[in-house]
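Report on the structure given below.
To keep things simple, chains are lettered A, B, C and D as they appear, and every chain counts its residues starting from 1.
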């Protein structure tokens, strides 16, 4: 098994190191990660310039681009041999609910969606203890599963691991993504040169965070494993939408 | 109705101008867009620095950030009065199928998901004629619909308009997102200073582009309207995943 | 005469517009400027990626790079016909003394140092009145001078114009660059996500700002014109340095 | 002696490591460098956002900004104790003649101009052998000099070291900056999405590279040491310029 490791915290981040160490012996590992922190990069893809790839003394590769760029290059021709799957992380912070829309960690995994095996995005629900080794061990467990995991096309696993020693984990729960409330308001500041500027406010609380959600699982000490897919079509709304469109005025007989 | 306009091509782009002009009289319009082209920015959110907002002589606002930053600021406190909905575009190129994962246009709309009315992302399926006015008229039509559109929470409309005069449009189709094949391979180049660098290759063709998809609609001259939601949980895979997790070895009795 | 206009505030800045309007009729004008604000960019040159050039409806060109990139491209092959000189500005703020080390406005002029006529960097000593038209008229006056200005190779003019109506200017003074005191200390802030970050502090006061300096001229209502050269060798220190190097121990007889 | 080390190739670059190792025991060393490659950044200073500082396990600090930002923060309040001097490098490539206008390595040294002792910028005239240890030893030699070096205010040393084993160095020469010819023309490319883009062309050859210049010294196996100052006033042109300004027409009696 050839496994591609990436992340969004950058090639020098301790979470990536811990992942690399924790998966030793599982197969052929290659690391291709951004040359610096790209948290919040989401699925940004760099189309306006070519990307520069460096090999580090550690054997890791870095790219002067986003997490998505890294995985895209790696699975589309940077290497001669193809990869079987992608693991992205260990992110320094949780990626729960709506967070995954913005997450570079999840985006890197997403970019491995055309490979045979579901990619895994893994994040630490950091509370200051930095138990990366626990998260790495969870990933190893998932990778060593004897049975093939059939999630369907273009699906990945989003894994969040409580920041606990392994022995204190409560178990593993399959969850759905919860949803956060609206974010806090923007935070205006005045810079030393007298100009008003604005910080994005803190993320909202878990408005939909009850039993069954990823929020709830990790809060109770469980590893949360969520199947995530890339098809964002809201299939169940299509009939209703068709109905509404049929009702449009002003388009003449062409609306059909 | 207070409508927020944004885009990912930047505050000076002709698609945004055309949208602004095409919606005159529909309500109170405010434009908040990136200070430059951010195509491919996806849902990137800028958390590591405060953002700078400028008001232009045109009355438009620009932000030195991503499309997501723009809408986030605008709906979370930059203005005193709240917005009713967000329209993002008119993007210079199509956003079909997997494109929307990377699209800043769709991301800007997504960021309006907490508002009452579904946000609209609109793109021109550009073939060199730049019929932005057609796309603007389609948006106007949708906004003037007398009936309330109930898509459910956190849903938006992704609209792609063929690059045709209005009178040549074949109609409007409600579609699902198709899917592209894997992208072309990376394109290596050697820069003038002798260094090897890599372009992201061209997007893949429409592997899943048959009747019912957005690809198929626009190819046949129809406006494509797709309901898109932000909840990426693959609900239908949860039982299968639970089964697989139950089968995990090595976690002891804690796996439940 | 073919004149290249550029700046560091970006292609849409009012200072650039005012310059373009103020020089109408003087020759063939071409505008190539950054696609957004690059204040403080100094002589940054972009070598790691190719640059993208856009022509705007106004006839101006923008580049997704630094001021230096803009002028470099324009005088090294972007256009068929060569330029005779470069004018950079009108910068929104003064560029006095040590400021020019950091100034993108001056850097853009510097990049025209291989052309036949000395480039001009022009800045407004802004006090909130935005008399760009005064600064433009000063540049026009300098360009219309009947005599050739022989400053020697690789030299430019750094011009700072008080923010006054033309009729209130006290005159023009040839000045040397003054020097600022050390900058104010860094300004720590805590961001909404709890992380400590640091603003560069305000620029220092004019420590060397007496008569004869650019600081002094503008403070007294004069246009300041400073000859600036690119040769940063401190020629007068070479003997002393040679002496010191001769005294080096540990290099054996090879030091000569 | 408290010495600040920085560079423009980034905190993880081998040249910086070699410098740090080569100066062990000379005093108290602190390393503050950009979080990634910033070659060509010149004196760019980041004023539009606060900077983020990270401490690495190695004890080095990184800043998400330019070389100038790094030294500016370090000498203006990031640390409690002041520094005595700055050493910037070892740059991966030569910084000769006009290169220093664009050089982040030289810019970092420049930012230490308000300290008591002249800052040193050091670069390797790389020919593929990477004899960083030679360059580090040259810096050590300069720092261990018993005599105080009086270069005058706002002056630094620009040092270029041939890529040779120590024993093969021909000696040390005090030089002036040579000058390059105009750069090669821009290099147009067409990207995979069909858009024309432009690379900055290769640097020009040494047009003024005869005996006495830095170009000539390193080509003959000598370490080149050039005194560089920040005062860019072309003092010797001031009389001629005054003359020319006196001749200006159209300013009425106010020109004086």
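The definition used in the following text is that a residue touches a chain if its C-beta (ideal position, glycine included) is under 8 Å from a C-beta of that chain, and two chains touch if they have at least 3 such contacts.
A quick note: this is a predicted structure, and the numbers were derived from the prediction, not measured.
Ranking every chain by how far its Cα centroid lies from the centroid of chain A, the top place goes to C. Between A-B and B-C, more contacting C-beta pairs join the chains of A-B.
Centre-to-centre separation between chain A and chain C, using Cα means, comes to 44 Å. With each centre defined as the average position of its C-alpha atoms, the distance from chain A to chain B rounds to 20 Å. Chain B and chain C have CA centres that are 40 Å apart. Among the residues of chain D, those in touch with two or more other chains are 37, 47-50, 52, 64, 184, 187, 189, 191, 193, 197, 199-201.
Partner chain D is touched in their complex by these residues of chain C: 37, 39-48, 50-53, 68-69, 72-73, 76-78, 98, 100-102, 107, 110, 114, 141-142, 144-147, 149-155, 157, 169-174, 176-177, 179, 182-187, 189, 191, 195-201, 225-238, 240-242, 244-245, 247-251, 254-256. Contact residues on chain C toward chain B in their complex (touch as defined above): 10, 12, 14, 35-37, 47-50, 56-57, 64, 191, 193, 197. Within the complex formed with chain C, the residues of chain A that make contact are 48-50, 52, 64, 184, 187, 189, 191-193, 199-202.
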